[in-house]
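In what follows, structures are represented as structure tokens.
Here subunit A shows up in two complexes: once beside subunit B, once beside subunit C.
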Partner chain A sequence: MSNITHGGHVAIVGVGQTHHARRRTDVSQAGLVREAVDRALADANLSMEDIDSIVVASGPVLFAAVNQPEKWVVNAIGAQNKPVVRVTSGGGAGFAGALAGYYQVAGGFAERTLVVAYDKLSEGQLQYSISTLYDPFWGREFAVGIMGFSAAYWRARMDALGHTEEAAAMVAVKNRMNAIANPYAHMKKEVTVEEVLASKPLCWPIKLLDVPPISDGAAAIVLASEKVAAKSTTRPAWIQGIAYCCEADNAPERSLMLSEPLAIAARHVYRAAGITNPRRQFDVVEVQEPYSCFELNYYESLGLCPPGQAADLIASGATQLDGDIPVNPSGGCMGANPIGAVGIIRLIEAATQVMGRSESHQIKDAKLALVQSGGGWANLRGCAVLSA
Partner chain B sequence: MLAAPDTQAIDLPTFHSVIDLPYTLTPGRATGTFLAEIGNRKIVGSHFASGKIIAPAEDFSPDDGEDVQTFVEVPHTGVLEGYTKVNNDVIGLIQLDGCDNEFAHIILADFETLAVGTRVEAVWADGVENSILAIKGFRPAPETPIGKVLPLGKPANPIEVIPYAMKLDYEHAYGPYYGRMFDEIREFGRIMGVRTSNGDDALLPPRERDDITHKRTGTWKACEDTGTIRGCSIINLEFIGQTRPPPYVYAEIVLDGASTRLIHMIDAESIQWAKDNVRPGSRVRAIWTKGERTGSLRDIERFELIDG
Partner chain C sequence: MGLSRVAIVASAQTELRTAWCDAQHIDLISAVVSSVFKGTGLTLDDVDFVIDSGSDVLDGRSISNCGFLGALGAHHKEEARVEEDGLWAAQYGVNKIRSGASSVGLIVAYSKPSESNVEAYWASQCEPFYQRPVGFGQRAANGIQAQRYLADHGTRQRDLADLVARRWADAAANGNVEIDALPDADAVLASGGGSAPLTGLMLARPVDGAVAVLLATEPIARRTSRAPVIVTGMGSAMNGHAFATRSKRGLVACEAAAAMALRNAGWDNAKPDIAEVSASSIVGEMMVIEALGLAPRGHGLDAASDGNISINRSGGALPADPIMATGLVRLAQAANQMGATANSVGGRLNRGLVHGAGGVAMQNNCVFTLEV
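Up next is the complex of A and B:
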């Protein structure tokens, strides 16, 4: 990873997402993807003819029972005969897709790459499908998606790092509040800390209001080289660093207190982007919080605060819309959670911030944004830095 | 010269696993309209601005992704463009009259009597709706005149949701490490791991490579059936595929003598009881399943708190 700064500069020059919904019965998976792609191409002032290559990203095939959906998707977006790959990495699928697209443009193999990510979660059985990422011999029959696992390590972090139920509830309250202004979100309801704490335990300590909705949605970005970015926009969002790392699944030294792969990814990306004081330097942060407790974990793993101080950080108000380091002004996953698309949605939200184009929740003068995403049962984590 | 290693495949028992999933699929507007009209014995196609007609209907042109312009009713007759035999069925590619694409369906004829270019017509099934199987298949019809594409008029509302199910059977190979671990569980009721490359703690499940040092792992070691909870959560939701009724505790347990996690369950009288009594650091013991052991993690029925 030492060479991540050696490629050409890559920018996000166009973005598009669907209006996410609990269930879209009016479109197929391919139709959903088409909507996001049409919007991203229009936003980038381009047509499909201008695109050199395509990356399709989506979650596990079991989510919606179509194997190799990219063959269906390329038909629906008019990308016949172009180079196409599908990337899948659980919840991090969209982000991993963006990374695959980034490599193509940074490496000089494409001037413009379209990355489209989606999931249509209303079609299948979410927890059961996710449980199949467990070893069939060793634990799958006891798996509860990633919820059982995520709650178990939140419980452990309560003791070790003070990530209390109240602190996570504050995350849920903040993100749900922010989602109300997001035109693409479908879960728009203000809640209080008390309501989160009193909501039904699903996998205690995870309670109903700690959990994002289940969504159908798609999101697309156009990545462009320095040479052609200006054709699309006078103010692209430049990718100053991007990385996605893994850790061993059941290794003896896996602590699960900090997210080790995320900390490693952040170290690489911060070095590439010249970040030495993330709390002070970033204007805005977008993280993928499959449950409220994860956002606390990411504050620490991304270095926004030292380990053990995430509860203080959320309580201080610093990560609110008007704080010094707003996290998820879009509402994050609490507004909509089409899992495979979320990595791209977070990139879009951060990109529009540094492009100065977020209509509903623009952070004033945002110039530098941090994005986090991840998949697997916490063992695949990545981040990216975007700048004006 | 590269010498092939002297290894052979060995037939050994496998681990049977099933993934059984219900779905509610969304066909979208074009396919939904096709499915809605097929019960009326109408075959709906898509007419694109380019002039092409695709049947069954699709939302986007397979040529260039163009949006559908209008839906049309296409003839029930066409030409066989290719065919093959699958088990006892003949499957053919049919291009309906006036259409620009082929699609697969069953051919109701002896394989030997067919030829590419044979004229065919649809045979309708009785009482089937919302499925392409409302057409039972296509049969040779040498004399049938070439049909015309017609306007559809006002199409039925598209079908929005199609129930579907997928049951997938797998036979997983254990491999030498899992194989021995489960043999030991079945034969002797003991849980064996392998030592790390540089220490005495066992890795569970056993593996060939040490994740940390990337060196070969060490010798086999029996772990205790007691251990310490590293992480736990209280399951109170119900979901398809669940193997026991909630509430219960999902626990990641490090057995005494091991350094990695084993996932299992602890019974919970109530959520409150579990909150008060089960926590990281709690000591637990395995309760073995009564009767003959099968050589799987199910041979442990559950874990329970020691002194809990």
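Up next is the complex of A and C:
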């Protein structure tokens, strides 16, 4: 990661996602994957013969109880006898998969790489699975999924910065509103700040409407080298920088205000992409917000506002559709949340913005987009810059 | 744009034991991460990224890499988890450096099957509708594969047992593998817990252990390593899932992976000086040797015995299979063997071939070509 600019240029030249749903009973994991792959290949004007290598990404295997599921879904992809590898990174799996695919192309291993990410969360016990993330000796006795952990992040902002429950509620309201126009979202209901605040507390200050749905869904992108990108599209989305970093510390040692791994990733990516003033330069931003409060954390970690001022930024309306730095015009996770696929979905939503063909809310003349994704226990965080 | 050449600077491996009872995952991982830099002049500060291989299922823990990031030396660095044998993690790392984005990368793979249910690890890889209900898994697949191979080629079980015994002796001598008592061919034939016609010791033995490999651009490697080994080609390929639909004639995905690696390396044929290959059974090893082009079909045993190409000097994967780390151990072993002779006048090992596998009956295959 010392210098990201040296790699050959890599572009997203085709995208496809399923119509996400709370529960898809009509397809297996393999069928779900196939839908996204077919759509991405058709969009890229390609067939599987044109694909050199495949990266599969999904959340923890316990989510859907198939170990190393790429070995099963390989036939549904049609990738037999090609390089296939699976990358996983909790909620950031899709993004981590895209990063691996990016380096397969940039490193000359492939001219075209298909990255497909999915989760079929209706088939497993989500919070139970996440609870096994905790250390078996000292953490699991009190592990209750990831929600309590996330609530601590929010509570810290309230205590240290004076941020309120309303600030995060505004994020939920904005993203839920934006999701209504997203043809792939399945949670489409307008809510008010008052309704969010009055919704059932799940782990205070997190309330029901601060939490995205749980979804079945898949998403795929085709990555191509500069040499072959033109065969698919006259207007690819170029990846100007991409990085995904981690922090090893347990929660008590971490900053709960800024995400350090995200700030580090942003520093590298911005340098590679020539970003010096993110608020002014980006036309649109897509972030993965597993809880509404995390979007506030990302505003600051990504430098969209100074540290401590995320509540002011959301209140100003700047991140609304008609603001100067729209965040999640797709509705983000609030519209659909097939966890392992979300990193790719955010990349797709940002890519289609700079390609000028967003299917939910096209931001006028969008040329430069920022994408954030992450997973683990809030300690794996990355971002990417896409350009027209 | 020219791509950077990538070299193996150094490697470190714990002893491979049936059970590391007094060490946790993080202990095994930190042991190799802290010792891999010895003699290189490089430190963790020089490392741009960490890529690790391990299994959530074997670890009994979701996103298990999250719990090991400190031990991996990954704090505030870019980290990736490849949930496949460590040779694929190395493939990712090589690509990252070749792209020019990074200069130094640390690849780590580890395994503690002693804490897990290995049969369940394999069975849960089978798709849930048709294969799992009939109890299909690694053991059954290995047995069927071996039956077919012995029927096709008339290989004698006794000859296979002789080779297994030799593999164990080599592992004890060269592989850093804990072995209490060396089995002879009779003991191999008499061992229980197999899958007919394979006896227990003809199957790969799961062991605990960790391995780390330090990769760098060639210029950095030349300054920091006495004998850098260059990765000149990589290939990988995955076979279809359903065992019944796979080719009867051999490991076609392994053939495809080898063809890709050789093509990338510009090799006309598979004539390395040494090879380190993975296998889930002794017959599987024969099939890999043949699929890699090291022997004609049905003649894997001859190639393994005649010594023209030194195959699995380390003992290979049968005496010690740290699942998820086995292929990366092969890479480390091959690089060590080549590095040890790199500056000698005679007997220099110029070319190496490395193979890793994943999945039931080696559904997935990865091949590296190495040169000094």
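We adopt the following convention: the second predicted complex is superposed on the first by the 383 of 388 C-alpha atoms of A that agree within 3 Å, B and C clash if a C-alpha of one lies under 4 Å from a C-alpha of the other, contacts with A are read in each partner's own complex, and residues count from 1 in each chain.
Quick note on the criterion: contacts are C-beta pairs under 8 Å (C-beta built on N, C-alpha and C of every residue); 3 or more make two chains touch, one makes a residue touch a chain.
Note that this is a predicted model, so its numbers are computed, not measured.
Asks: With the two complexes superposed on chain A, say which partner A:Ala185 touches: subunit B (first), subunit C (second), both, or neither.
Replies: In the superposition, A:Ala185 touches no partner, neither subunit B nor subunit C.
Asks: Quick one: classify A:Gly124 as touching subunit B (first), subunit C (second), both or neither.
Replies: The first partner, subunit B, only.
Asks: For A:Phe149, using the defined touch cut-off, is the partner it touches subunit B, subunit C, both, or neither? Pick first, second, both or neither.
Replies: first
Asks: Report for A:Gly108: first if it touches subunit B alone, second if subunit C alone, otherwise both or neither.
Replies: In the superposition, A:Gly108 touches subunit C alone.
Asks: Go through the superposed model and pick first if A:Asn75 touches only subunit B, second if only subunit C, both, or neither.
Replies: After superposition on chain A, A:Asn75 lies in contact with both partners, subunit B and subunit C.
Asks: Check the residue A:Val116 against both partner chains and state whether it touches subunit B (first), subunit C (second), both, or neither.
Replies: A:Val116 contacts neither subunit B nor subunit C.
Asks: Kindly classify A:Val87 by the partners it touches after superposition: subunit B alone (first), subunit C alone (second), both, or neither?
Replies: Second partner only, subunit C.
Asks: Looking at the overlay, does A:Ala351 come into contact with subunit B only (first), subunit C only (second), both, or neither?
Replies: Neither partner.
Asks: Thinking of the overlay built on chain A, is A:Pro136 touched by subunit B (first), by subunit C (second), by both, or by neither?
Replies: So A:Pro136 meets both subunit B and subunit C here.
Asks: Where on subunit A do the contacts from subunit B and from subunit C line up?
Replies: Dual-contact residues (subunit A): 28, 30, 62, 65, 75, 79-80, 129, 132, 135-136, 248.
Asks: List the residues on subunit A that touch subunit B in their complex, please.
Replies: Contact set of subunit A toward subunit B: 23-31, 34, 48, 62, 64-65, 75-80, 120, 122-125, 127-129, 131-132, 134-145, 147-156, 159, 200-206, 248, 250-254, 256.
Asks: Could you list, by residue number, the parts of subunit A that touch subunit C in their complex?
Replies: 1-8, 28, 30, 60-63, 65-68, 70-72, 74-75, 79-90, 96, 99-100, 103-104, 106-109, 129-130, 132-133, 135-136, 243-249, 260-261, 264-265, 375-377, 379-380
Asks: Considering the complex alone, what residue numbers of subunit B touch subunit A?
Replies: Residues in contact with subunit A: 15, 17, 19, 21-29, 31, 58-66, 160-161, 164, 166, 170, 172, 174, 178, 182, 196, 201, 203-205, 211-212, 230-237, 239-243, 250-252, 259-265, 271, 274-275, 279-281, 296-298.
Asks: Tell me, which parts of subunit C touch subunit A in their complex?
Replies: 1, 3, 48-49, 55-57, 60-63, 65-67, 69-70, 72, 74-84, 88, 91-92, 94-103, 121, 124-129, 234-242, 252-253, 256-257, 260, 358-360, 363-364
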